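Listed after this line are the structures, all set down as structure tokens.
What follows is a pair of complexes built around subunit A, which joins subunit B in one and subunit C in the other.
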Partner chain A sequence: MGDNGKPSVGIFGLTGCAGCQLNILNIEDHLLDILNLVDITTWVMAKQENSEGPWDVAFVEGSVAKKSEIERVKKIREKSGVLVAIGACATHGGLPGLRNFRDISEMTQIVYGENNDHIDAIPIKPVSAYVDVDYELPGCPMEKTEFLEIVKSLVMGKRPYSAQYSVCGECKALENICLLKEGKFCMGPVTQAGCNALCPSNGAVCEGCRGPAPEANWAAEVKILKKIGATPEDVRRKFLKYCPSVAEMPEFKELEF
Partner chain B sequence: MGTESIDIKHIARVEGHGSLYVTTKDGELVDVKMAVDEGARLFEAFLQGREYTEVPEIACRICAICSASHRVVSTKAVEKAMGIEVDQQVTDLRRLLIWGEYIESHILHALYLALPDYVGHESVISAAADFPDVVKIALKLKKLGNDLQILTGGREVHQVTPMIGGFSAYPSHQDLEVLRERLQDARSDLQVCLDVWAGLEEPQFERETDYFALRRDDEYALVGGDLASLSGVRAPVEDYKKYIGERIPEYSFAKAGIRDGHGIFVGALARLNINRDLLSPFAKSALKTLGIDLPSYNTFHNNAAQLIETAQVFDMADATISSLLSSDLEWHEPETTPKAGKGTAMTEAPRGSLVHSYEFNKNGLLKTADIIAPTTMNYTNMEEDVRALFPQIAGGSKESIELMLNRLIRAYDPCISCSCHVAKVR
Partner chain C sequence: MCPSYVMNQGDITKLIESARDSFDIFGPVKKRTKHVFDKIDDPAQIEMDYDSTILSPRKFFQPPSEVMMTFDLEEKSVDDTLENLRAERPRLLLAVHSCDLNGILLLDKVFGGEYVDHYYNIRRDKTTIVGLNCLEPCEYGFCRSMNTHHVVEGYDLFLTPIDGDRYFVQVGTAKGEHLIHMAENLFTLAETGDVQSFKNALKHKQEALPHEVDLEGINEYLDLSFSHPVWDEIAEDCVNCGACAMVCPTCYCYDVVDELDISLTSADRTRKWDACLFQDFALVAGGHNFRETPAARLKYRFYHKMRGFANEYGIIGCTGCGRCTAACPSDISIKEVLKRLSTIWEVPVSGVK
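Let's look at the complex of A and B:
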């Protein structure tokens, strides 16, 4: 607890686009209410004076993409009661993890040329690859509503709600036209719900940014995608696009493309 | 006195991770290094081999605050490479998306991130106690910008509807009318912010540098047009490499923009200086309220310039919505076919000029990408400004020096996530 009896909160960014931190600032209707509930003692993106901890709750955005960030995320973990990973980069490695499937030294040379000795780039991993994570808010970016929900739950000391079904379920409830039936490579059937099927509701395929839904039938999705014309490489790319950590999952390794 | 160093590790209230290292000897400045500490992101490299249809969706993840600008300029570069034309509705919807981004980004920077320094607060959170009305207005304006982005792009960060050749969904006439009314109502809110800003004290600091921005003859250029400088350069955007060079600081993950050995300045102040003859009525009145003489060589005026541009965008959004309301908004699915080619597009992101340049093979797979973000372009100029400002503030306490240096860097609205995925070395 902070001096004022409110839980102390630290908000941190590892490597990423800062979009999940921005999405906290984007909760315009409730930002002042959040500030009444918690005491944000560290948030370099928004504050000049920042505490060195400890924090009751730490929100960590971004992926671990360089060696120094491994130590940094361990320190944040040590000093935090609850650690919440926010956004696809923190929960599953995120879209920049596309680089994991190529040779890093070759890519570093493409971007920075021969003088690249000072570039510290390691394969991108989510926060949970290095420290224990209490809760994860997936998505690129994380959903504002889910952030609000977890802040309220943590302040009240209850377990935050998280949907245990797929985006496809949300999409059907909204009575959207099925994009797979239109021959578009949609990941809705295997992707964790919670975004209210935002992309399919806007006519765009689900790209799987929220990671795999519990107990989803991946083999069936592979079959459907191939049936409507996806190549094995297309399918593999779809599964790993926003969530490179999926490549490490036994269910993924067993899939036949 | 001897050698002293002022290290500002992790500059606060900016997007991303940057540090400033200043070394002094006997009170004189001897070295300035701005380091971008953000992890290297390698976008140009992992974009290689990706399909043209997904390049803008990937490229916009470089930066959240400028995601709409990255998305639209990336889409245009792809379309140029493939020879794809779009109709007026699509052009208007893209413009409206960008106007939303401008309102959101400028309000966020000027009122949330920069304003606290002017009123002696460490953050907008602590400022909210003393200035509740301004903070509430800032929230309302920022939300309006976001709602414009949601209406056109489906989401405020990393839009979902923009596609090569068009959009996956269009807004309705009714939704556009609602937004137009909200824009009208919010004019008085923006005026309150302008009046508050007019009462603030701007740091006195002048250093003329090389200002670059887009320029077009028919309107204040935020999208489209030629590359121009205050010193009189005017060239097609495809020639960007002739004017915007880069160096590689060995202490940083980002490259630094340079021209003839010196820094360049891009952003709201550069645009205002270069396009000051094309301001809209509301922007002209905002300029008058703030009492800034143009051209201005005071980097700190970049904050106020963003508020003037917000007024400009209010007028432009009104015109764009009128144009959309006069069209049928009948959605049609964009259909495109890949072909080999090269395409370069440049836009003005809220924080400055942004270039995306690509080459594709005949299957529409990306061969090479070159992306130069505003903070990369401003990098050298920031260090030059620190050198120029230092003698003015050197007499103060270490704390006050650090604060002024922080303020100076913040005035650029730097986006450090953007800057560190630098362009390809040639």
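Let's look at the complex of A and C:
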């Protein structure tokens, strides 16, 4: 607890585009309500003076992409009561994880040139690869509504609500035309709901940024995508684009593309 | 017994004009390559000649998400929102096919039976329904097989296309009669020739709609195939997305969620469409899940529609509208599953599964 009796909160960024932190700032209608409930003692993006902890709740954005970030995230974990990973980078590796599918020293050289000794890049992993994570808010970026839900829930000491189904459930309830039926490679059937089918509702396929839905039937999704013309490489890329950590899952390794 | 009428098909737009002062009007409109029931602001939007809609008319009576109660924690007061519903404008729902009228009648049994659901029934009472006869089969439907290709009630007016350019108009209720009076100049009393055209249309329909699934023996073959590996086979393709349940005209399950406002001073109790395919559908406090596997959930969806619903309400809970087949990303067809099950007549595997 902070001095004012409110839970203390730290918001941190690892490797990513910082869009999830920005998305918290974008909750303009409710920022003051949030500050009524919690005391944000550390948030380098938004504050001039920041505490060194401890925190009741830490929100961690970004993937672990450098050796130094392993130590950093471990320290945050040690000093925090609850740790929440926010956004696809923190929960599943995110877009930076595309790097994992190329040679890391070659990539370092392409980006930073010959003098790259100061770059301590390691294969991209989500926060949960190194420390215990209490809650994950997936998505690229994280949903504002889910952030509000978890803040409320933590303050009230209840478990936050999260949908236990895939994007299709939300998409159909919105009466969208099924993009798979139009031959577009949509990940809706196997992707965790909670975004209110934002992309398909606007005519763009689900890219799977929110990670696998509970008990996602990947084999069936592979079959669907191939039936409408996806190549094995198309399918693999779809699955790993936003969620490279999926590549480590036994269910993924068993898949036949 | 009310007399029957005829009207020009082109006059449906005039009917909409005449009724718009009294009703919010909804009907089939185009959405890219499909149709949906939507609000008709411009009468020219209505597309009477439509195959099916993505969602069924269920959405008008039990919307995908609705606030059932609001709580004011400072005033310590509760509002059940029913007054707001009662204050809403009456609705006119146009061009509802026979399968969907039968679907609404099934929902009536659920929400108007032993436990009366006021939210549903207020909306239902405030809605006038104009049915529309299908004389040709649609892409995925199998209404003839499910005996839902005709209706004996559930409409206020019922239109059957005749002679290519007119509708034969049957009046089902006083609400329908009221609608006729609202636009009297559009309707003329049916004469002998019109009745003959009506009969011809029905005869054409009888020949055009295929009878594809044999319901005779459905209880028996479902009982016998309960432990059959066929369910695991179908489950291999099922992604458990619940699209079939969302589009179904007779699915009615919902989840109730209390959502506290971020100011912690007010809250909403909201019900949202749920689906028996979802992982936590049969999850109870303490962590036990009565339907733990996706295959079990898929199977129970079938058994509830085809078997359990009949046990409870005396009628099979499927109208053969075909929407689930149209919506399934894996192209699982309820019609094909039924056909396949009807060929499995085996002694059930022993033991309880």
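One rule holds for everything that comes next: the second predicted complex is superposed on the first by the 257 of 257 C-alpha atoms of A that agree within 3 Å, B and C clash if a C-alpha of one lies under 4 Å from a C-alpha of the other, contacts with A are read in each partner's own complex, and residues count from 1 in each chain.
The rule is simple: contacts are C-beta pairs under 8 Å (C-beta built on N, C-alpha and C of every residue); 3 or more make two chains touch, one makes a residue touch a chain.
Keep in mind it's a predicted model, so treat the numbers as computed, not measured.
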Consider subunit A as the common anchor and indicate whether subunit B and subunit C clash or fit when overlaid. fit
Looking at subunit A, does subunit C or subunit B touch more of its residues? B
Just to be sure I read the superposition right, which of the two partners does A:Ile34 touch: subunit B = first, subunit C = second, or both, or neither? second
By the touch definition at the top of the document, which applies to A:Leu180: first (subunit B), second (subunit C), both, or neither? second
With subunit A at the vertex, the Cα centres of subunit B and subunit C span an angle in degrees (to nearest 10) of 110
Would you check which partner chain A:Glu251 touches, where first means subunit B only, second means subunit C only, and both and neither mean what they say? neither
Quick one: is A:Glu221 in contact with subunit B, with subunit C, with both, or with neither? Answer first, second, both or neither. second
With both complexes overlaid on chain A, does A:Leu148 touch subunit B (first), subunit C (second), both or neither? second
Of the two partner chains, subunit B (first) and subunit C (second), which one does A:Thr108 touch, if any: first, second, both, or neither? first
With the two complexes superposed on chain A, say which partner A:Glu71 touches: subunit B (first), subunit C (second), both, or neither. neither
Is A:Pro189 touching anything from subunit B or subunit C once the two structures are fitted on A? First, second, both or neither. second
With the superposition applied, I'd like the minimum CA-CA separation between subunit B and subunit C in Å. 10
Where on subunit A do the contacts from subunit B and from subunit C line up? none
Which stretch or stretches of subunit B touch subunit A in the complex? 10, 12-17, 38-46, 48, 57-58, 61-65, 67, 108, 112-113, 116, 122-125, 128, 135-136, 139-140, 142-143, 146, 154-158, 160-161, 163, 168-169, 248, 250-253, 255, 406, 417, 421-425
Interface residues, subunit A side, partner subunit B - complex: 13-23, 25-26, 28-29, 31-32, 35, 40, 43-50, 65-66, 69, 94-96, 98-99, 102, 104, 106-108, 110-115, 118-121, 140-141, 198-199, 202-204, 207
Subunit A contact footprint on subunit C (complex, rising order): 31-34, 36, 54-55, 59, 64-65, 236-243, 246-247, 257, 259-260, 262-264, 272-273, 275, 277-280, 294, 327, 329-330
Please name which positions on subunit A make contact with subunit C in the complex. 30, 33-34, 36-37, 148, 151-152, 155-156, 161, 164-169, 171-178, 180-182, 188-190, 213-217, 219-221, 223-224
